[in-house]
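Per-chain residue numbering starts at 1, and chain names A, B and C are given in the order in which the chains are listed.
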């Protein structure tokens, strides 16, 4: 089913959709674009490329309370907190690379036993409207991972932006239900949407065939001794990465009452693996840089059959010292033969 | 494990706390109706005291003990020291069990050699207790256990009295340095294992202790002719979720909390040595 | 790239090459090109092949001095290319006793200011392909044509507000000095914030800090944040919680800023490193401004011999010491 809506009517659509539950859109605040719940007056930037922070935080929030406690040492009571079936959310304007990354998280948080009900509920309750990308920036390299910037297979609705309209192609029942609610604003598409064709992203000359298998023998490769040198041990790459999913658990409160939450954490931090007794299996930057890249390039693929990168380019854009996954792949023998 | 949310603990009561050594105490913990959950030897549980936090500990008691779970805990961090300071009857949060546990079925009909050092006896004791409760399923049992000094040995009455009296069982104790009250062996655990000269035939060795001890025990067992498939150990890493997601205990393609903590040496040889 | 900087790079390579290959230093910290013409990344040069990659252009923004903390553990003597900010960062580390002066060879590079890819793109109006520079102007080449802008218009914010482009400490100066920049209005935004009511100011910072991801890039890149263990990671007592809420955001950023009082060298690396563009330099500058007002003008990092105001005591200090 192909529908369209004039760009001038979008604010009315946002208002209508947000009445059903939080509507996450790429919103610009003080010059920074991130997915945020829509509010009246929000500056929606459907034209912006990937926001600084990927939309993974809608399903795996930066911080998520899952338990409340009260009572002292002899009267402890614990209560579960979790998203209910009515917590419906709409994710509007996510690009195909980011949606593919969410599907990679699905395997860890939904498919792999024991499943994570917090994540699963958020995911199941969400309707995803993906937006085709027609002009990727120089940081984008999703072509390498067979992402089609113009099509996201996992979307409930696929959207295409043209100069005057937004074309909406429903792919699932969830998508149809969503559009049915906004019937008055939407009309049948009279023509085919201008679908971006063969969108080319940056070609770094990488060759990934066999890389994961080869890396099994390269844990002690001298390449690691150079690669980590510039790393500052900050967490930028992991927090802006759409396929990173590590978390920490912490309590917030006092002896009588409080809550327990999980929040994003980063394998790049020295304290991540620091044990109470003082031993640290990954004590230095070298081990941590290796862990992060091997997790993307070898460990995840060994379990799930696919490299955990979608070429969104965020680590290329945000790392304060320009140490990124492309550099890592090149250093580890993933450069195409003619370039070597 | 909570079916809906594996991170969610249940409330449990600390029945009592006994001092084992200057820095190790044993907590007996019960849920509302006895055992908080069913488990197998070698599995772990997350204990928590809000708002101090959560930490993972191996279960020290055998699943055949039906009244409660036991945890022998060394004071090393904020959670363990808070647990040490609890009064009897205190409430804590508990969730689990986590991890794979020992491959008990593969051990049936075999002779078993337990090698422990210090607090490393904690996870072994669960399996040792299980074996004694199902005595006819296992062959001869050897237990080598050592610590820095006699005062640092845990479960003193069991290792000295109860276990040596079990049928077809030998217990060998050792401490690192001479001590006027110590009549048994003096020397490091790995050297004692070599000296005792165990035969690898139809035997499985299970070892747990400080990393440096494990390293040399593995060498000693290798020299005695044990194959990597016959040697089993349990790893200790920092863990937060217990269900293979939070990332701390990720080791190559495995998560120690879910796929471990029990590994054969053959399995460990396939993993990055980052533990 | 401008022909001038190519020539300069050649000269730098020649001079540091003599020292590195002659064994005077075991390692040279410099820059090499990244994937893009607008990115240069740290270079850890040990041999001739590494030196080939050494670059000097308008994108060598990353402060290299901090790498000394790690590299001096491995190498007896390390050479570093230092711009104005890098040299002040070195003085910071020196005053904090984190590095030994005689184990470092500083090659001074008077700095014309580094260019900002974002600003270049804005000026170009998209689809920027390359740039060229001559005599203080930058020509932007796009898919549709060319456009020239003043260099000052496309500088990184931290460079546009830089007062000391020349290295204040060096063993050898490799290029001609730029001269101290006069009339830089670096306290303008602080003064604007001071005009706000406390409630407005609180709301401003609550909003800005709400974007904080707690990635700690600001701390990791900072030359004054060289504590071996930061209060953030301390466990007992636990000062810093991980919750993403205003109290914890303020806790981190304010404690960090206070730790930098009289020590922040105003290099702006924290703000540059921040992935979500929190104006961190406004916090640091507020404290620099206050220090100047309370104790007289003091520029941290400019003179390693000058005593930092908060690390000295005088009987006539404007604020009394604790009298308890």
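Everything below uses one rule, namely that a contact is a pair of C-beta atoms (placed from the backbone, for glycine too) under 8 Å apart; a residue touches a chain by one contact, two chains touch by 3 or more.
Being a predicted model, the structure only gives us computed values, none of them experimental.
Engineer: If we define chain centres by averaging CA atoms, which chain lands farthest from chain C? Would you check?
Structural biologist: Of all the other chains, the one whose centre lies farthest from chain C is B.
Engineer: By CA centroids, point me to the most central chain in this structure.
Structural biologist: So the chain sitting closest to the middle is A.
Engineer: Using mean C-alpha positions as chain centres, tell me how far chain A is from chain C in Å, no decimals.
Structural biologist: Distance between chain centres, rounded to whole Å: 31 Å.
Engineer: Per the centroid of Cα atoms for each chain, what is the distance between chain A and chain B, given in Å?
Structural biologist: Their C-alpha centroids are separated by 39 Å.
Engineer: Compute the distance, rounded to whole Å, between the mean C-alpha positions of chain B and chain C.
Structural biologist: Comparing mean C-alpha positions, chain C is 50 Å from chain B.
Engineer: Name the residues of chain A that each touch 2 or more other chains.
Structural biologist: Residues 248, 250, 252, 265 of chain A each touch two or more of the other chains.
Engineer: Residues of chain B that contact two or more other chains, please.
Structural biologist: As it turns out, chain B has residues touching two or more other chains at 77-78.
Engineer: Touching chain A in the complex: which residues of chain C?
Structural biologist: 34-36, 39-42, 44, 62, 66-67, 70, 207-208, 211, 213-217, 219-221, 233, 241-245, 269, 272-273, 275-277
Engineer: Where on chain A is chain B touching in the complex?
Structural biologist: On the chain A side, the touching residues are 66-67, 69, 71, 73-78, 80, 82, 108-109, 112, 114, 116-118, 219, 245-255, 258, 260, 262, 265, 267, 272-279, 281-282, 287, 291, 294-295, 298-299, 302-303.
Engineer: Quick check on the complex: what are the chain A residues that touch chain C?
Structural biologist: Residue list for chain A touching chain C: 29-32, 34, 52-53, 62-63, 138, 204, 226, 229-230, 232-236, 238-240, 248, 250, 252, 261, 263-266, 269-271, 285, 316, 318, 320-324, 326-327.
Engineer: Which residues of chain B touch chain C once you look at their complex with the stated criterion?
Structural biologist: By the definition above, chain B touches chain C via 77-78.
Engineer: How about chain C: which of its residues touch chain B in the complex?
Structural biologist: 235-236, 238
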